[in-house]
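Each of the two complexes below includes subunit A, the first together with subunit B, the second together with subunit C.
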Partner chain A sequence: MSATQNRHPAMVLGKYAALAFYLIFALFPLYWLLKIGLTPDELIYSEGTRLFPSEVTFSNFTTVIFQTDFVAYFRNSLVVSLGAAFFTTLFAAGAGYAFSRFVFKGKRIVIAIMLVTQMFPLLMIIAPIYKIVAELGLLNSLISLIVVYTAFNIPFATFLMQSFFDGIPKDLEDAAMMDGCSRFQALCKVVFPLTLPGLGATLGFVFTAAWSELLFALMLISKNDAMTFPVGLLTFVSKFSVDWGQMMAAGVLALIPSCLFFIFIQRYLVQGLTSGAVKG
Partner chain B sequence: MEGKPVIARAQKTVRPGETRARRSLYLQYMVEPFYYLSPAILLIGAVIMVPLIIGISYSFQSIELLKPFASGWIGFENYVDLWSDRKFWIAMENTLFWTFWSITFQFLLGLGLAMLLNTQFFGKKLFQALVFLPWAVPTFLSALTWAWLFNPVIGPLPHWLAALGILSEPYNILGDPDLAMWGPITANIWFGVPFFAITLLAALQSIPGELYEAAEVDGASPWQTFTKITLPFLAPMIAITVMLRTIWIANFADLIFVMTGGGPANSTQILSTYIFTTAFRKLDFGYASTIAVALLVILLIYAVILLWLRKKLVKI
Partner chain C sequence: MARIELRDVAKRYGSVEVLRNIDLEIQDGEFIVLVGPSGCGKSTLLRMVAGLEPISSGEFLIDGERMNDVRPRDRDIAMVFQSYALYPHMDVARNMGFSMEIRKDPVAERKSKVAQAARTLGLTNLTDRLPKALSGGQRQRVAMGRAIIRDPRAFLFDEPLSNLDAALRVEMRLEIARLHQQLSATMIYVTHDQVEALTLADRIVVLNGGDIQQVGSPLELYERPANKFVAQFIGSPTMNVVPVVGTETGVTAGNGTEIKLQDELRTAQAKELGVRPEHIDVVDNGTGDLSAVADVVEHLGSDTNIYVNVEGIGSMMVRKHGNIPVKPGERLGLRIQTENAHLFAKDGTALRRVA
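Let's turn to the complex of A and B:
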């Protein structure tokens, strides 16, 4: 296919123009965030639309890190995201394994329920969840967020894990079980080491999802010291709505963990979605 | 439930001593999957399904946290209010506009990207990682970034649009009721193209290469190969992805909530942001749940129609 397309010089030119378009469209907004974050305050207005700042400073970043509650938000988000990612992956691995290896009664119903949770507006349950959490006295606690995010992410993570388990030959466990392992032992000793990429992808996926969730966090957290990053940044924005440099610096810093995770897991995630998609 | 008759049947053919072993094996066989499933099921049940039912029941009640003594069952009153609520109908129209344009551009750009990624070129791995990056950007941050880009004080976009003659002067389109919706739509396109590209790329890679070779031998033009081979093969995948994405985008409130909060003058209020602002700002849980039920019903009708159409049109 590529041979046919590359023959014509105009086609080649068109192709590279399209590649450049996609690259600029994807990266320009992030570049702009970084650019304003690095521009010294006094130049932000005078050099508003220049592509490169004439001077570069890190003072916005140091101010954000040392003089605001930024580090606390960062820590809260890290706790919530890691917690949700860990529990989701654990539970989704179990569920995905069950879907992949067993034929059992109720399987279709469980799968249907999981699909339904992906369909209806999650905002629909924001009011009941608020009331339940309030009655349990868990408002402003990170635990409530971890539990909610874990439940929200389990269905997709389960399907993702299932596609990874499906890719591992069943014979491997059967052989281990022949040799006297229980199924659980076979799972731990033989299957899990092989699904490490899948586990990594699922961890990363849930981590990024939990890192960016805003609406439930906004509803359930109102105390400054329990705020996660999105909520913190949003209050930051509405409180100091003129300090552009600092806001964008905070934005860049918020981007770092999810981008790092994304770079590590990108390949596996694409691979997992691809194998799942081809089957479906 | 159905365990007993099976065991009874088993007893007839099996000698007495073996029964207990069979039964426990059978039970174990039926129960074992649930050892692995139960944490997931319990959590989904407790955190999603139970609140969902409670949420539906809220839509028949008056639950305003700011008026704690006025609460109670009120039947269909919320729904009657909804029917005559002008904001609800505006939000419905906006939801259609927002979903249609977001999905159209995401799909077309995603398809283009997938076709590019299905060819060979220098630095493809790096390119792929970079163009997929917007997907990893937390949504609140995409929203803030685009809100800033549209701000004439620090963003370049108004100046560029003015230079191109699209805007008469560089002003913030997020404050203009006629144009405001295009702000969140742009952010949504930016954020959603990678997802379409990934799923469509997977489908493209599953098309057998021999078909293209045969087409080339027969002298088909690139356009013919695209419409006669690529599109028909992608059709089922496109149908399912577009359906799921439509539902997802119609529910997606974060971008609009952060960028415009539904304003100016409700010009960007979609149903899901209306649910959120009613619950979060007014603390009127009953009415918020009513809007949510309405949105759910609309989405269900949409899904049923689309599945029916697919059954009629796609014979795969």
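Let's turn to the complex of A and C:
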């Protein structure tokens, strides 16, 4: 494992070649997105398969930002994704902590039910959800999306958080309580700082899931001013043509928040925060 | 300073009774060591005293005050965990001063106390390190520092030295003994290690299967074990126990070999004879109480361990001081120091014996 180990140069070369291949493979679609976004409209079909466009323009981007409702979609998506990520993580952290630390009646049943909710294909429940939301008068509101996304992500997020809490030695809380903390203080001062990687992972997971969700957004939102970004993207597809350049430009812009979000939380995702707590 | 009393305390997990009938009175400033085989409930008992585990029944008192339902933070007891349980995101100084931080003691006071504890434990140069940058022994000392800084009524230790290597263990054992002398605080200490138990304890509590087997000073347990379990658990190497039949003059072992005993020891109830390895003398072949063949001989320098096969009885162990020139396969006579022998009844309780 150690990097200082002496290795055969061919092995090192092979390793980097494999990494490079993987990176190119993974990043190529993103490059293509960017490329088409930068290609002037009139060249898209004539030089569609060229690796580099002969001419580069930002007009697609400026059109998307200033002449479409993109900014509104973008803001809606941000509200929905951040809201869903925040509430999901809040509830999942609470439930995950309880599952990890407490013994209580019905724990297994609750866990089983949460697993069951994950077994149904979304298509099956979309009609009932629509009916519920409609009767609550929440159609065409961002709140409905936040609630639905939160509900659907909580089970998985709870299991994720539970596994992070399981990774924090119980002795640490006991020690904090011996040191004079109440259980809540122990949670805030000892457990919480150590769970930051878990919270970061959960936030990131829910944020990206909500950011790119289309099905419910399409069903529950039909008014233009409440549309989220994935729904908005479809407006670039008209009956007679697809505005590839603008669509791709919008796609590139949509990647920005996800990237920023992950740059922001990535330091909390780094493992090893609990090392040194116990023998080892 | 605290006098700790347990009155008929029991612990149940559902229908499983892990501890029962625990009656124990610990004097102010006493050093109590809990020993017993793995899973006998030592940690559970300690955690009940700490308040981390609810007490199922019985009474728990500190200085005469009932404490069953008092939260850990209000018991004013410090605990050193087997796993150390240092807060990984805090440096050494903050780890040690955490209890004072929670109590909102003045910062200046906290700093000076931390510095003092660090000096006592030789951690002065390490106070701004994170636990992950410490060695096992250093972590152990930080865990101790965290406990002593508070000046609590009592200290609890759950196998605090079991993760350390032999040399460090000896050093830390002395440290703990010194600490006890200095603070003269009540201490309860759980260990698997015979030497730790015998050297540190004012009194040892032997637990087995959730019951207290015996409470007494190290010497008492060694010289007058209450039953076969304690006899075999305390003392290293383990006591030899041989099935016998009590007779008019002493006991008869399996093959009819008779071992004469003093008048006070003779009893028809005797079913087993216990002799510690250090209480058997090696004599010329043909003399002594038993005849045996040396099987394995271990020369430890200061002592010699001789594993012998005794005719009609089976294997036993003899330990003699110094270097005994015995070769494997050699025939030996063994003489039992009957004044140090133990007799056990059918149920394992020790029969009367003069000290």
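By definition in this document, the second predicted complex is superposed on the first by the 227 of 280 C-alpha atoms of A that agree within 3 Å, B and C clash if a C-alpha of one lies under 4 Å from a C-alpha of the other, contacts with A are read in each partner's own complex, and residues count from 1 in each chain.
The criterion applied here is as follows: a residue touches a chain if its C-beta (ideal position, glycine included) is under 8 Å from a C-beta of that chain, and two chains touch if they have at least 3 such contacts.
No experiment lies behind these values; they were computed from the predicted model shown.
Looking at the shared chain after the overlay, A:Ser182 reaches subunit C, while subunit B stays out of its contact range.
Of the two partner chains placed by superposition, A:Phe66 touches none, neither subunit B nor subunit C. Looking at the shared chain after the overlay, A:Leu172 reaches subunit C, while subunit B stays out of its contact range.
When the shared chain is aligned, subunit B comes close enough to touch A:Met248, but subunit C does not. With both complexes superposed, B is the one of subunit B and subunit C in contact with more subunit A residues.
By the touch criterion stated above, A:Lys131 is placed in contact with subunit B alone, subunit C being left untouched. Across the superposed pair, subunit B and subunit C both touch subunit A at residues 273-274, 277-278. Only residues 1-2, 4-6, 11, 15-16, 18-19, 22-23, 25-27, 29-30, 32-33, 36, 44-45, 48-49, 90-92, 94-95, 97-98, 102, 104-105, 107, 110, 113-114, 117-132, 147-148, 150-152, 154-155, 158, 183, 208, 211-212, 214-215, 218-219, 229-230, 233-234, 237, 244, 247-248, 251, 254-255, 258-259, 261-263, 266, 270, 273-274, 277-278, 280 of subunit A touch subunit B when the two sit together in their complex.
On the side of subunit C, the complex with subunit A involves touching residues 47, 50-52, 71-73, 77-79, 81-89, 98-99, 102-103, 130-134, 136, 139, 146, 150, 163. By the touch criterion given at the top, residues 2, 29-30, 32-37, 39-41, 43-44, 46-52, 54-55, 58, 63, 109, 112-113, 116, 118-121, 127-142, 144-146, 148-149, 153-156, 159, 190, 193-194, 198-199, 201-203, 205-206, 209, 212, 216, 222, 225, 237, 240, 244, 247, 251, 253-254, 257-258, 272, 275-276, 279-280, 285, 288-289, 292-293, 295-296, 299, 303 of subunit B touch subunit A in their complex. Taken together, the subunit A residues at the contact with subunit C in this complex read 169, 171-172, 174-182, 185, 189-190, 193-194, 272-279.
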